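By written order: A, B and C. Residues from 1 in each chain.
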Amino acid sequence: MLHPDRLFPADETTRRIARALYETVADLPIVSPHGHTDPRWWATNEAFSDPATLFVTPDHYVTRMLVSQGVPFEALGIGAGAEADPRTIWRTFAAHFHLFAGTPSKLWIEHALETVFGVTERLSAATADDAYNRIAACLRQDGFRPHGLYERFNIEVIATTDGALDDLAWHRAIRNSGWAGRVVPTYRPDAVTDPDLLGFAENLEKFAGLSGIDTRTWDGYLDAHRARRAAFRELGATATDHGHATPRTADLSKSEAASLYERARSGRLAAGEAELFRAQMLTEMARMSAEDGLVMQLHCGSHRNHSRDVLAAYGRDRGFDIPAPVSFTEALKPMLDAVGMAPNLRVILFTLDESTYARELAPLAGAWPSLMLGPPWWFHDSYEGIRRYRQQVTETAGFHNTAGFNDDTRAVTSIEARHDVARRTDCAYLAELVTTHRMDEDEAFKTAGLLAGELARRAYRLG
Amino acid sequence: MLHPDRLFPADETTRRIARALYETVADLPIVSPHGHTDPRWWATNEAFSDPATLFVTPDHYVTRMLVSQGVPFEALGIGAGAEADPRTIWRTFAAHFHLFAGTPSKLWIEHALETVFGVTERLSAATADDAYNRIAACLRQDGFRPHGLYERFNIEVIATTDGALDDLAWHRAIRNSGWAGRVVPTYRPDAVTDPDLLGFAENLEKFAGLSGIDTRTWDGYLDAHRARRAAFRELGATATDHGHATPRTADLSKSEAASLYERARSGRLAAGEAELFRAQMLTEMARMSAEDGLVMQLHCGSHRNHSRDVLAAYGRDRGFDIPAPVSFTEALKPMLDAVGMAPNLRVILFTLDESTYARELAPLAGAWPSLMLGPPWWFHDSYEGIRRYRQQVTETAGFHNTAGFNDDTRAVTSIEARHDVARRTDCAYLAELVTTHRMDEDEAFKTAGLLAGELARRAYRLG
Amino acid sequence: MLHPDRLFPADETTRRIARALYETVADLPIVSPHGHTDPRWWATNEAFSDPATLFVTPDHYVTRMLVSQGVPFEALGIGAGAEADPRTIWRTFAAHFHLFAGTPSKLWIEHALETVFGVTERLSAATADDAYNRIAACLRQDGFRPHGLYERFNIEVIATTDGALDDLAWHRAIRNSGWAGRVVPTYRPDAVTDPDLLGFAENLEKFAGLSGIDTRTWDGYLDAHRARRAAFRELGATATDHGHATPRTADLSKSEAASLYERARSGRLAAGEAELFRAQMLTEMARMSAEDGLVMQLHCGSHRNHSRDVLAAYGRDRGFDIPAPVSFTEALKPMLDAVGMAPNLRVILFTLDESTYARELAPLAGAWPSLMLGPPWWFHDSYEGIRRYRQQVTETAGFHNTAGFNDDTRAVTSIEARHDVARRTDCAYLAELVTTHRMDEDEAFKTAGLLAGELARRAYRLG
């Protein structure tokens, strides 16, 4: 299923250069500074249970596409009274696999099926059982447990994403296990920075408990963040992550902020004040990053759980997350004026609104020393998405203000596939720069290596 | 004027594949589920009067371009004291034909001139009379009347767009004529759903008259819609169409909606309430679609009649319609939460704001089972426009969540040309997927057939 | 460093056509209707002092990139206590030159280094001194003074940008010098149309002094504009330029406008009224343009001086100018309804928000006879930027509603380089139209000439 020249340009000369570039980066170790694998996998190294649980049920790219074409969630193992037999779920998936024609999911899944599990026939109703049997047989072998995949994929370091209320027990277990893999946590404090979340007040109490610091005052609350950030750093964290609907920031006076926090804590925020609190917290987190050196990631612009009924019946992260327009220029200014020229600050910006690439993000990252542009995110982590990103970002921001690649995945078997798609697409782009004489060949070889790992290592301070 | 390889990729290998794909779809029947031909043409089969009336005066793509370069509307046969001689109008058009270099209008017009009328020299002041004479001679022959063009173009089915206040007499005449062509109406209720239109109150009275239902109550008004939708379905309609400035929807309680309608009916809406009424009516129309199965089309984002003076002097649809930014994510949520998971609902979304393709529309159509993405609309129904659409939509929504092609035209001679441009451009895109190994050749052949007709047939329930 | 086929398409057939097209325009004279060279250079013809002052310190494309990667402004000769030795500044620049890989700055700088100064090795720490010495030696020769560069670049006409409060002494000196070069001023009245600027009231007094007209009344203020426009026209101006944050326009009654002006003049504007005044002034300027024939340029959408600290410490125009979203459709309507169909009016629109190209600007320019679309601006004046512009604009607006190319530069040595990049990229685009049979070869040759100079000459009435 996998052609050795896949994703390379059609033009023979350019393809030859792309191939040569790719050969120098194909086998480089994987640097994975942002993603959603479960630290428990890495800690326990338990076998994955079955093909459906590995490839179908938890992959929101897969489930949303099937649901969009009329397959019920239940047939995919999701919801009350859902199908429980993994082989039946797998057959449903295989019978609908043609829906993925032209999508990155198809590339990722076929890459994993062929290179990890030796499945070489295209998935369909007819081939479903063969593929299932082959994968299931693999999963019973040691080499297909998490640590085996880590080695097979040549991972150098992988970050997980962990809530501020996570006790990091699995990360401690990894650390204490003696295993040589490098798995680091990332501080994601949304549960204690977003007053709109259910249970915000209780979360603040748990936060106090975990940090050992009284969170009933603004100062105490900020100190609790500092304490937890230190605990994360202790276990190898080099970054924080912030998932906000908008990139709005604020820089209130200390007394205003303290009083806003008091209202948030006690559930007495006026309309719009939850947004203001989140905005203020981005600036506070940036201030702490300027102190402790944790790289700050800002992922914003998704309207999560767009269907009320799907959320109620099937829960979060089911593929019903729809991007909305965002603008960074005005939104970030309060934070940037407060701390944006601090020498140690690094903020990596992500967007789902591609109109911001050339208009805002490349100019911002190409000027402010504290700002970097994260790789194409989510829907845009694809051949065309990566091309648009490079074409719209490079001329203004160059390569050095971008942060390399993120696989951003909870689908562990797809990690290598995603880095491979990014490396191939980047090499194709560089080859076009060479044939159009916008870049010399020696520069292209250097840049291919930067994009394949070194920029991520530097951006996330993982060197 | 027409090269057999037009619109195919420059790269030889890719071009060969594109050509092979195109050969399998070039002669497929035309499925035209959305457009603006006049049902009267199909009912009476009268000859078209002259080249200027066919190609120039009613084509807002043509008139706006000439006007933008200083040609007065009057010289094109529009407005008080306008030029009345079709040959003089045609000469003005021909003398300015170089202005269309690089535009889809040029491709469409040259395709029609050459394949329909046998004109083989590029239009200019020098060739104007020859072309005029040749077309005029054709128009006197039977084969160039509407039914002849229908057969020549191998049309399988064509939909017109008809107001809620249309009595459908021409459609009944077509039905009763014994002619084998399939022409179906589309329910377009803007005149009775938009309180901002002049004559809204009188329209409601006509609506009562046509439907035989008292529209003075909210329930009666909704029943009148149901009755008229049934009358349209009776004559073959499978779809409705809604032209709104924004995609805003609402889901008011029944009593709120009834009271809002009462204020709309009596001309007592407060500021912003006309927009709210339109928003509510989108949800009501969706509810009815979930019941009666009419596919709902939503065309939004055009600021119609942008020039006050042009509207006053020359009327509507003169090319002074300018798109504005839109966003669907928040706007559609009330309607979708109300009825978006209903099994029988289908809503096809159109946009003039291409930034919504990858950001909103592909994610929406790639998740919600009721949503589909319509083809590139209006300014974007072109080689580059179709390419951008495929490149920005496919990776997230796949092919099966898109609705095939619409020619969307009132220029009847251009119907074949428009489908041909779309088929060629789609084959070029698929060929690139093949040479970059993002799609296997057998899949590409299957997909070419889907895009050339089958997806439209399915999406619009015209099978 | 410069390959003769740079920026041409990879495909051999297409490249051959691009090369043939380019050969016909490569040596055409340069028409430069918008830019920021200093009229004093042209008046005095003094030698440029050194390589750093020529290439580094004043070029905000260069300084922002270096600063974004941690180089202090001071090391670039900017700010209190800045490095004063041009050779040291040059070395810093050269040592960081790899940061520009993939950017237009690299293309422009290498073009100038090689074709103007004979530097043939890529800039780096190792080659810094050689390059410096060679440039410095050139700068001591007459042919490298402004007039020499004017002739070397084969400039036909160049416009500068001059404030309403500029006494035009240098322009008068150029006129009186007997030198054959054609340098014309452009009327940029922001200092007396933007009440938010510091010193607005004093500016109005200076404006009265320069124009000899009492500006304390609305009528007098407008007459002062008329007088200054006449003075600019006298010295060859054919255009005005307006730098606004948004394209908002207004059309107040005369008494409303007069009263708004009175509040602006006396510093008593309410919130939002400064924006309203600027909006009104765009309409007033359009009215005057319809009278006196000065072509009106509207550059909007930049959030200037985005960093408070950078502005305070290092001043304006340091590369911290970040675009924000704009929309023209609603914003321009008041001005267009007031004067948009006036036969003599020409307004050239520029954008930093590329989402407006296909959505708004091409439809506007492709309908309104008074509107034209300016070339890709600032961040978008690049290979990819020009391609996106042509691909998104041409199909709706054609070529004749676009205004040719602007180099828009204060970096005098880059003038030829910028026109060369535009000419090559346009020829590459036209060659693709030819190989995909969207344009015949004879049309492509004609169009190449239009784009390389003639459209600018016509658009700016510089014929």
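As a convention for this text, contacts are C-beta pairs under 8 Å (C-beta built on N, C-alpha and C of every residue); 3 or more make two chains touch, one makes a residue touch a chain.
No experiment lies behind these values; they were computed from the predicted model shown.
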Across the interface between the identical copies subunit A and subunit B, with over half of residue numbers shared counting as same and under half as different, the residues used are different
To bring the C-alpha trace of subunit B onto its twin subunit C, one rotates it, in degrees rounded to the nearest 5, by 120
Chain centres from averaged Cα atoms put subunit A and subunit B apart, in whole Å, by 40
Touching two or more other chains in subunit C are residues 9, 11, 325, 355
Residue positions on subunit A within touch of subunit B in the complex are 3, 5-11, 64-65, 67-70, 98-104, 107, 122, 303, 306-310, 319-325, 352-355, 379-380, 382-385
Listed in rising order, subunit B residues that touch subunit A in their complex are 9, 11, 13-14, 325, 327, 329-330, 333, 336-337, 340-341, 343, 355, 358-360, 362-369, 371, 391-392, 394-401, 432-433, 435-440, 443, 447
